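Read through the structures below before going on.
Paired with chain B in one complex and with chain C in the other, chain A is shared by the two complexes that follow.
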Partner chain A sequence: MKRKGWVLLFGVMMLALASGPASVYAAEKTAAFLDLTDMTGAIAGLAGQASRITKATFDYFNERGGIDGVKIKYIGVDTRYDVARALSAYKRYRRTPRLLLANTIGTGLGKAIYPLILRDKIINYTPGDGEFQARLGRTFIYSTPYQDGFSAALDWMKEDWQKKGNSGAPIVGFTSWDNPYGREPFRGGKEYAAKIGVKLLDPELFPVGSLKHDVWLNRLAAKGANYIYVCGVDPTPTNVIRDAYALGLTKKIQFVTDYWGPDRAVGVKAHAEALEGSVVVSCFSRGTDTLNHPIMTKIWKKYMKTPVNEMRGSASIGFSWAMHFIEGLRIALKDVGYEKLNGEAMYQAFMKLKGHNVTQGATGICDYSPSSRRMSRYVKFYRIQGAELVPITDWRLAPDAVSLHKF
Partner chain B sequence: MRPCGIFDERYTQDMAILRTKQHWALLVGALILLYLFPLFGSYYLVSFLNNLFITIIVVLGLQIVSGYCGQISFGQPAFMAVGGYASAILTLKAGVSFWLALPLSGLIAGVFGIIGGAPSLRIKGFYLAIATIAIHFVTMWLILHLKITGATQGLNPMPPEIFGFPLDTDERMYYLIATVMLIMTFGARNLVRSKVGRAFVAIRDNDLAAEVMGMNLYHYKLLAFFISCFFAGIAGSLYGHLIMVVHPEQYTLTHALWYVGMIIIGGMGSIPGTFFGVIFVRVLDELVLFASPFLSEAFPWLGASPAAALGLSAFGLVLIVFLVFEPRGLAHRWEIFKASYRLYPFAY
Partner chain C sequence: MKRNGLKIFLLFVGAVFLGVGLGGCAALKGGPPAATLNLTPDKIVLSPVLIKKPVVFTGSGFGPKEIVVIELLLPKGVTVKGVPEGENAALGNGTTDEKGNLKTKMGVMTTLNTLFQVGWTPLIKPDFKQARPLPPGTYDVIATGMYSDRVAKAKLTILPPPKKKK
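== the complex of A and B ==
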């Protein structure tokens, strides 16, 4: 092909690109959800699928006419867990008409984007950093704060310890990634342990990306831990328990992981034998609960085009992001109507979500209110049995550990 | 670029960066355009340029230590973090003015670079690359475990002020960042033409020969590290005050790979190559950022993740293409263009 031919081809391709998506929403009433997610970075395994389910949930409702006639425009951007890239993407899309919420995956990003969120008067989702509850603002935590979840686990451990015929309280070890997320449960969790008389050992923190965890596990075992709480995004917690199993520690120590612990389609699938009996505390439904959720399975079948038994725990996270947005949008539209719909209206609407059963069981009752930025105060416990996560409790109220810490 | 028929008659002419009146006119025009840009450019473009200029400063530092002195370094993000944290601590906790904290953060990063780089300078090539990766992890570990750095929570430096006028928006910071970038470029351009710059090149090309000629390798290698880290520190300070947060998650090893990729694509051992590389990669990345949501919407069967992975794939592909077909980078293409322009309208 001659040079002119190439230029022509390039021109036609550019025209085709430029003429596509704008028309999709041009004539419709829309509200935008900006998902600054990680699809190719450190937590892509968790965030990628969660984001896909979020989009699928919006598609599901859009196909049914939207929320009171307003369709949701999902804008997904891969940030690669890179703060600078996410900020750049936010600046690129902040002028999107009726952009109401930015979902920021990562504590660092949540903090970096906050001045812009304040300036634009929209709201944002961020993971479980309790500081956002301690200092109320426009950031809504999309889980139960990590310290609250950890404290709920401490309660469960004490209960389990006594149920097994022991007196007093157990000795609890803690091991996690050495990063802001990994240390967060201690900010309030430590104070709660002291309050209920649980002896909490010094945390054993390991670098993100560690493949073997024997050193840290042996240290905790040598200090007499009866229970070990493991943090990290799967497969990290699976690998920790796999190493504990190889060391023979799972026979004498009960392992409990946090919300991002072993996933039925990742860690559990790979190391079912080693994980057998381990417990997961989660503010999102997991395992069989997720598989039996009527709307999520319907969405999964229609949009994900893979068997339902491949659905991961992260599905309920993405579903929860979408459903809280939808419920907030519904209230905002009722309060101010479409013409006045903006970030401020959404902010006010989110603070009215307390008490709503937003996700139909995929999470606990919502807690967003003028005094709460917690998605929910409820957590549920699951045990890994026969390569599946089986619920062992109903939704339980997690202690308020955030208020115990001085931020 | 020099048109045909213009010859140097004096040494000063030969050394001049700007040789003709057209050069001066172009420079003045470019500067006017640069400084007037926020008046007509969108907020997004201004913030994009801020990021671009900060990246240019970091990569200029890397160009000096790697491109000119031949010492492979993956430590730039760590040194950028040192500069960012130093500036935040100096302004927030010691009450130092930003205008003093800015050069100090460069110096602190430079000194940190010397301390961190000193043992590394007895090793070469891949071993040095691994050592600089180790420096990255040590730095991040220190940041996470020291109280003064705010540990896991980071720090929130305030925007700089000029006579009480806060530079608290991207548009206002633009003037400062653009000016610092120009000064750093001017400094780097002149440094590499000096005795020190020639020593760096001699060490890069054959360190044994350079040593035999009487050069103190250790001195020059340390100097290259210091200058490189100084640049990174200045960039870190500017970035921290621009986004008003310094946090351990901002400085990842992935950035180091991108920076090295930028100098490979732009051209190792070339100051204009730094600009070419940074602009090429950042613009490509930005286009992908724009195209990904569009692609996943226009072609739903593609899914969100593959569309997102497009950026990384594009970067990898471009890097391979450059390594295979143009290992000397875009700067070499620029040199070829300049040479042909100098002969124009003659063929040779």
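== the complex of A and C ==
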């Protein structure tokens, strides 16, 4: 009897050990989002801020019960914009149950991790390099490709030129960082300029971290530029236009920047006078549009603990990362259910997002499909007026410049 | 008798475990040689020279065409900006050739962010005024094959800066 009692006790203990952790796991259904971001490094001002909103957006939905009962596990890693750190973090977290997506915030970082994304059959986000549209894979561009955005800006410049009573097409200058990102708009954008008859000057590229930009600006002005397209992450474009203002160039040349141009809480705050009248083309809502977005403002108020008027342009980027993941997760759960939820299901779900209004105005209509890795084909134009970014167009379809270039 | 039976049973179980364990050992099976890792130089002084002449990693015994991640094991009390306690600090990455050999070097970002732990200005320039260089000492370094899970080990010594001549 005594012996039987011990055996029974042992059996009960083993059962408790075996069933205990399992029941804890069973209680909460989760899907993971790995954010290989930059919190303290070179582009922390943009990526880190965006990531804070991504996490806050997931917190907001998790507190409301998650997505069809599935909570999103946000794993944020400070890679300091270093490929080695991103890979080390990926090694650490790649076995996380139901890891569906890795947000690789830089093109180089995304390319380095891609063989593992393929191997692990998940998907990744990357910025606007058109190559990922030209060669369809598991990498989803989280913006409109840079060359498409640049080409939309060329269309706008031509329209603006003619609206001002000029005939023909303007002469357009281009200045940017001297790196792959800085050169990307030309891979297709150059071909598009030729197609619409815009004279595009040779690009003036400058090193990342340049303090003054007079040399490059003077060269473009001397060649007769009517418009200058400026790239770089703010405050770089702000500082380029600040220098142009000091040289008196903003009086005769219209400056237009790309998506990462003057931010209402960074460059615009510091140099409102110099930036007055400059135009920003963006695939993410900016300025007053962002301040009036119902969910983003609600999330900002609750989680960021600073006044809404301090909301940065990067808010809509982080919100977009989260909302596209949520919408994809919703479809994947509907298609395969929680038990079969994996990276492959998310990949298939992302390709069904075309036509969805995922962000309710923070971005244009989604374009992800079997033949598209563009987050959206739409961009919007904003003008800096009275220290704020004010929309001057609705969402506009950007030309397909990617297809004009041989990758 | 009963006691002897139990002993025999335990010995049998032990023998099975030993057999399975040794059977899994690649060296005994004539499997691939252990992975190796070498750092050149393996003793460094933290100075801007490392940006122009970075540490080079060479290795062998990994899988063919495999991504390899090289990491510094942080001893207790040593922290690296952005790396949570208990985790490794990345030093490099590379892809092996068809024979599983590795040759890569420490990237500029890693040299700045991990060895020097610099800050960054809004204009995306490294800020050495905010730098907190890794303290001198000998650190363990591991290289892991991301497909094969093969691990190689090495050491990296950070020497104290030379004393300034008066």
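Points to keep in mind about this one:
To be clear about the criterion, the second predicted complex is superposed on the first by the 380 of 407 C-alpha atoms of A that agree within 3 Å, B and C clash if a C-alpha of one lies under 4 Å from a C-alpha of the other, contacts with A are read in each partner's own complex, and residues count from 1 in each chain.
FYI, contacts are C-beta pairs under 8 Å (C-beta built on N, C-alpha and C of every residue); 3 or more make two chains touch, one makes a residue touch a chain.
Worth saying up front: this structure is predicted, and the values here are computed from it rather than measured.
Taken together in the superposed arrangement on chain A, chain B and chain C clash.
In the superposed model, A:48 makes contact with chain B only, not with chain C. When both complexes are overlaid on chain A, the residue A:236 reaches chain C alone and has no touch with chain B.
Chain A has more of its residues touched by B than by the other of chain B and chain C. Residue contacts after overlaying the shared chain place A:75 against chain B, while chain C stays out of touching range.
In the superposed model, A:137 makes contact with neither chain B nor chain C. Residue contacts after overlaying the shared chain place A:277 against neither chain B nor chain C. In the overlay built on the shared chain, the residue A:112 is in contact with chain B and with chain C. Of the two partner chains placed by superposition, chain B and chain C are both touched by A:84. Touch criterion met: A:39 reaches chain B and chain C at once. In the superposed model, A:183 makes contact with chain B only, not with chain C. The superposed model built on chain A shows that, among 3-11, 21-29, 57-65 or 111-119, the segment of chain B colliding with chain C is 57-65. Common to the chain B-facing and chain C-facing surfaces of chain A are residues 39-41, 44, 78, 80-85, 87-89, 91-92, 112, 115.
In the complex of the two chains, the chain B residues touching chain A come out as 43-44, 47-48, 51, 137, 141, 144, 151-154, 156, 170, 239, 243-245, 247-250, 252, 254-255, 285-286, 289-294, 296-298, 303-305, 307-309, 311-312.
Contact residues of chain C toward chain A in the complex are 67, 69-71, 81-83, 87-93, 106-107, 109-110, 113-114, 119-125, 144, 146-147. Contacts from chain A toward chain C in the complex involve residues 39-45, 78-85, 87-89, 91-92, 112, 115-116, 119, 208-211, 233, 235-236, 239, 266. For chain A in complex with chain B, the touching residues are 17, 20-21, 24, 39-41, 44, 48, 51-52, 55, 75-78, 80-85, 87-89, 91-92, 95, 106-109, 111-112, 115, 131, 178-180, 183-184, 207.
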